[in-house]
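Next up: some structures, all given as structure tokens.
Both of the next two complexes hold chain A, though its partner changes from chain B to chain C.
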Partner chain A sequence: MSIGERLQSIPRWGVYLMLILVTSVPLFLPIRVPNKPVESTIDLYAALMELPTDKPVLIASDWTKSTRGESQGQFNSIMRILMRRGINVVFYSTGDPQAPRVYQDSMRVLNEERAVAGEPPYERWNNWVSVGFFAGSEAATNGIANDLRGAFRGRKDFAPGRGLIDVFESPVMRGITKVQDFPVLLVITGSKTSNITVERVSGKTPLAFAVTGVMTPETQVFYQSKQIVGFAGGLKGLYDLETLMEVGINTDNPNTVKSEKYGSIPGFPGQKNDGQGTRYYPTLHFAMALMILMVVLGNVGLLLTKSKGRR
Partner chain B sequence: MELLAQANFWLEPAGSPALYTKLIFALLVGFGVIGLLMVAPPAARRPVVAFATFLAGLYWVMLYLWPVPIAREPGQLPRDGVESVGFFLKDINSDVVSFTVILTSFMLGLGIYSLMRIHVGRIRRHHEDAFFSWVLIVSLLLMVGFGYADWSSRLGERSALLELRDNWGFVNYARDFLFEGLLQQMDAAMFSIIAFFIMSAAYRAFRVRSVEATILLATALIVILSLMGAVAFEWDEGVARMANGNPLLLNLQLTEISQWLRNTFQTSSLRGIAFGVGIGALAMGLRIWLSLERTGGSA
Partner chain C sequence: MNYDLLRLTAGAVVTIGLYTVLFRENKFYRFCEHMFLGLASGWTMVALWTETLQTNWWEKMIGTDRAPGAWAYALLLPIGLMAYLVFSKKHNWISRIPIGIILGLWSGQQIQVWFNTYGPQISASMKPILPTTWESFIVPSATGLSPEATAAIRQNVYPSQAITNFLFVLTLLCVLSYFLFSFDVKNRVLKNATTLGRYLLMIGFGAIFGSTVMMRFTLLIDRMYFLWWEWLREAVFNIR
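== the complex of A and B ==
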């Protein structure tokens, strides 16, 4: 077998072994990759930082642990921003029956993190409320867009010391009658619920997304047409968000992110901003480098074989 | 019409005997209708299914096409027939949505029934893979049991306390172990396997066999490199130093090239695909709604 043929037929187990190595080793090394956040994430961060603090945010949390590499980190970062700004949150899910349990567990973990940092807990019912899962994303999102009170009617959540109580009795839902009462609808998803939300809710309240890497191209379409105010796409978007949380936009920090669209928007220096994005981004780096290397090797092999054939 | 929209059959206190009576009544009626449809000859069944399909679709079509109120004041009455219909469509929206959500929820029950039918059958027949059927059924029962016990433990005064792990009891830990410790981790593991397929497929398929393949490869390379923060950062910094403020040369930054590719080619291609899919879905939706699709309307 010639070198060209060898380069084109690296056994599958060899490729898999290399992938395991390049994705595992960086997890144990403290590497901080330089970063230049993309515009869509800068817009998302700016939108989150400019939200009024007297109104709750509506979050469609439609992810489960199958996409935790990206979605878990996005959820944590977005919630850290909202918690630090004292903004209340209303959660619902239409994408997966497991999703409510996943965001409830994630809120518990974030509260444990706050307890370690000496911060007060973000209380269920008083600071955030779970409306639960709606089967049938299209119809449920349509209902939320057209008649929020009707769509959430009869939904209950745990009130401290009182058991299950109608969500509209929660202080979080005070003054909320329609989707337009929320300053933004955030969709954190690993499925197509972001597209369904654009189709049904667009124009009624500003939309912002946190999506997985594979959904970034189709979400870019909505961002370009200004149907969404901003989005974090995949691990890169998450790392961008964590970078922005550390250095802010146009601040005094020497590493601050420069943007002509905004004035000075502070970050949260000295607080826990590094999360999954910072931890996993080097791994993505090495995996992509390996992919480029493998493609180059395959093509070099092809060219060598072709040139040998011509001779 | 307004009365019909305002009347709500289900507005009974939660857990009240009246609500349970209505639920049982509705379930009996529902199963009765399904049973009747199953025994009815296809010629009799077809118009019923076609009418129900048409009625279900009609509401959404009308909600989209008919003028509905967007800034209606409480207690405001319709001025004419058009407004009456618009008010009616808006008023029954939550009921239609609830009905659709409940109907979709029944699919979960259908899925469980289907799973149980297959796996209980395998166990009964002593199938060679009956062990896995046992694993599935036991896992399902454990998850349901501990899930319900965990939920029940949160009712009442302890709900706030259980938001902290320190206050958990056995059922809370068991639910967390089954859901977070096993199910979610296996879910993530299954999904991560895709990385191996992508890597293997990229190695075998991305070959410069034609001009089109070469263009695709070059484009993919630029986009992948732009996602590698260190590469993109160093490239852009290098170009910025070299450009020395020249706006034309700044376009050679990797992130600019990548953004141009995305905004110009990627989004327009995806829009084209979306339009095509949309038109196809509209045509298919019309066929199903009007029962012209034999596989959909003649069941």
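== the complex of A and C ==
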């Protein structure tokens, strides 16, 4: 077998073994990749930091464990920002029946993190309320956009010591009658529910997204045409968000992110800002390097085989 | 064995089970796959009742202690059940009634959906391709300037912006011209534009594919983190 043929027939198990190595070993190494956040994530961070604190935020949490690698980190970072700013949250989901369970679990973990940091818990019912799952994303989002009270009617959540109570009795929902009462609708999704939200809610309240890498190119179009105020796309968006939480925008921090669009927007130095983005981003580079190497080797092998054939 | 260790071990075993398909198709993989499908289906059925049908239909029909029921909701049941007649050879025409209702509702909404999605994008595509000032090639920094001076800078189109806009408009027109399938393209300029449009589309698809690959790698990295860190290191060996 010639070198060219060998390069084209690297055993599959060997490639998988290398892949497992490059996606595992760097996780144990203290590597930090320099970062320059993209404009869309800077806009998302600025939008979150400029939200009024007296109004709740509506979050469509449409991700499950299948996109945990990206969506969980995005959810955690966004919630850390909102919790630290004392902003109440109304959750719903149209993407997957498992999604409400997943965001409730994530809120439990974030509260455990707050307890370790000596911060008060973010209480269900008093600080956040779960409206639950709606089947049929198009119809449900349409209902939320045009008749929020009708869409949420009959929905219940757990009130401490009282059991299941109508969500409109929650202090979080005080004064909320329509989608326009929310200063922003955030969609954290592992599917196309972000597109459906643009289709149905666009123009009624500002929209901001956290999407997976697959959805990033499509979401970029909405951002460029100003249909959404900002978004975090994939692992890069998440890493950007964590960077911004650490250094802020135009602050005194020597590593601060510079932006001419905004004045000084602080970060949260000294608090837990690092998460999945900081942890996974360096490892992603090793995986990409392996893939590029494999593509190059395969092509070199093909060229060598062809040139040998010609001779 | 505590509950957390049990839960994480089950997750680890199933994760490894699903990855065994990379080696070859096997019964352990099939078992994990079917278990996942069963769990997801069961969960979905319960969630559909508790989170949708119960609150949006059943309670509205029979009423609650806070609001009286409305019998008209009962009419939805036979309409919904009609859809299942698709399995009957004799009566499957009846299933077209609920499908027709859904199609009618859907079609009516599409005008708004289309405009909400593409209206702002069409408007945002109308970009100026000629510079309005030659004072500076690139956009000057607005740091430390008054709001009026900043607004003046933002109103102008600088040459660097005009070039970017030109590339955008060129790409848009070339890609649109690629989809002219209604007639035979013989004009040389149009022919070159469609060819360029095809290449630009390929570049776009390449970028989209790259983003997709990165996402898949991230999911794999997350699984590796789960296996090595959350399960083995923290749960099994209790290293924090």
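One rule holds for everything that comes next: the second predicted complex is superposed on the first by the 311 of 311 C-alpha atoms of A that agree within 3 Å, B and C clash if a C-alpha of one lies under 4 Å from a C-alpha of the other, contacts with A are read in each partner's own complex, and residues count from 1 in each chain.
Just so we're on the same page, contacts are C-beta pairs under 8 Å (C-beta built on N, C-alpha and C of every residue); 3 or more make two chains touch, one makes a residue touch a chain.
Not measured: the values here are computed from a predicted model.
Taken together through their common chain A, the two structures put chain B and chain C in a clash.
Look at A:169: by the touch rule set out above, it reaches neither chain B nor chain C.
Within the superposed three-chain model, A:181 lies out of touch with both chain B and chain C [touch as defined at top]. Touched residues of chain A were counted for both chain B and chain C, and B has more of them.
In the superposition on chain A, A:36 contacts chain B only, with no contact to chain C. In the overlay built on the shared chain, the residue A:23 is in contact with chain B and with chain C. Touch criterion not met for A:113: it reaches neither chain B nor chain C.
Looking at the shared chain after the overlay, A:295 reaches chain B, while chain C stays out of its contact range.
In the superposed model, A:283 lies in contact with chain C only, and not with chain B.
With both structures placed on the common chain, the touch criterion links A:123 to chain B but leaves chain C unconnected. In the superposition on chain A, A:150 makes contact with chain B only, while chain C stays out of contact range. For the contact definition in use here, the residues of chain A common to its chain B contact set and its chain C contact set are 12, 16, 19, 23, 66-69, 97-98, 134-135, 142, 154, 156, 217, 221, 224, 236, 284, 287-288, 291. Residues of chain B that touch chain A in their complex: 14, 60, 63, 90, 93-98, 100-105, 107-108, 154-157, 159-160, 163-165, 176, 179-180, 183-185, 187-188, 190-192, 195-196, 198-200, 202-204, 206-209, 217, 221, 224-225, 227-230, 232-234, 236, 255, 259, 262-263, 266-267, 270-271, 274. On the side of chain C, the complex with chain A involves touching residues 22-23, 40, 43-44, 47-48, 51-52, 55-56, 59-60, 64, 66, 106, 109, 113, 116-117, 120-121, 123-125, 141-143, 204, 207-208, 211-215, 217-225, 228-229.
Only residues 12-13, 16, 19-20, 23-24, 27-28, 66-70, 97-98, 100, 132-135, 138, 142, 154-156, 166, 195, 198-200, 202-203, 212-214, 216-217, 221, 224-227, 233-236, 260, 276, 279-280, 283-284, 287-288, 291 of chain A touch chain C when the two sit together in their complex.
The touching residues of chain A, when paired with chain B in their complex, are 10, 12, 15-16, 19, 23, 33-36, 38-39, 64-69, 97-98, 101-102, 105, 108, 111-112, 115, 121, 123-125, 134-136, 139-140, 142-143, 146-147, 149-151, 153-154, 156, 158-164, 217-218, 220-221, 224, 236, 239, 281, 284-285, 287-292, 294-295, 297-299, 302-303.
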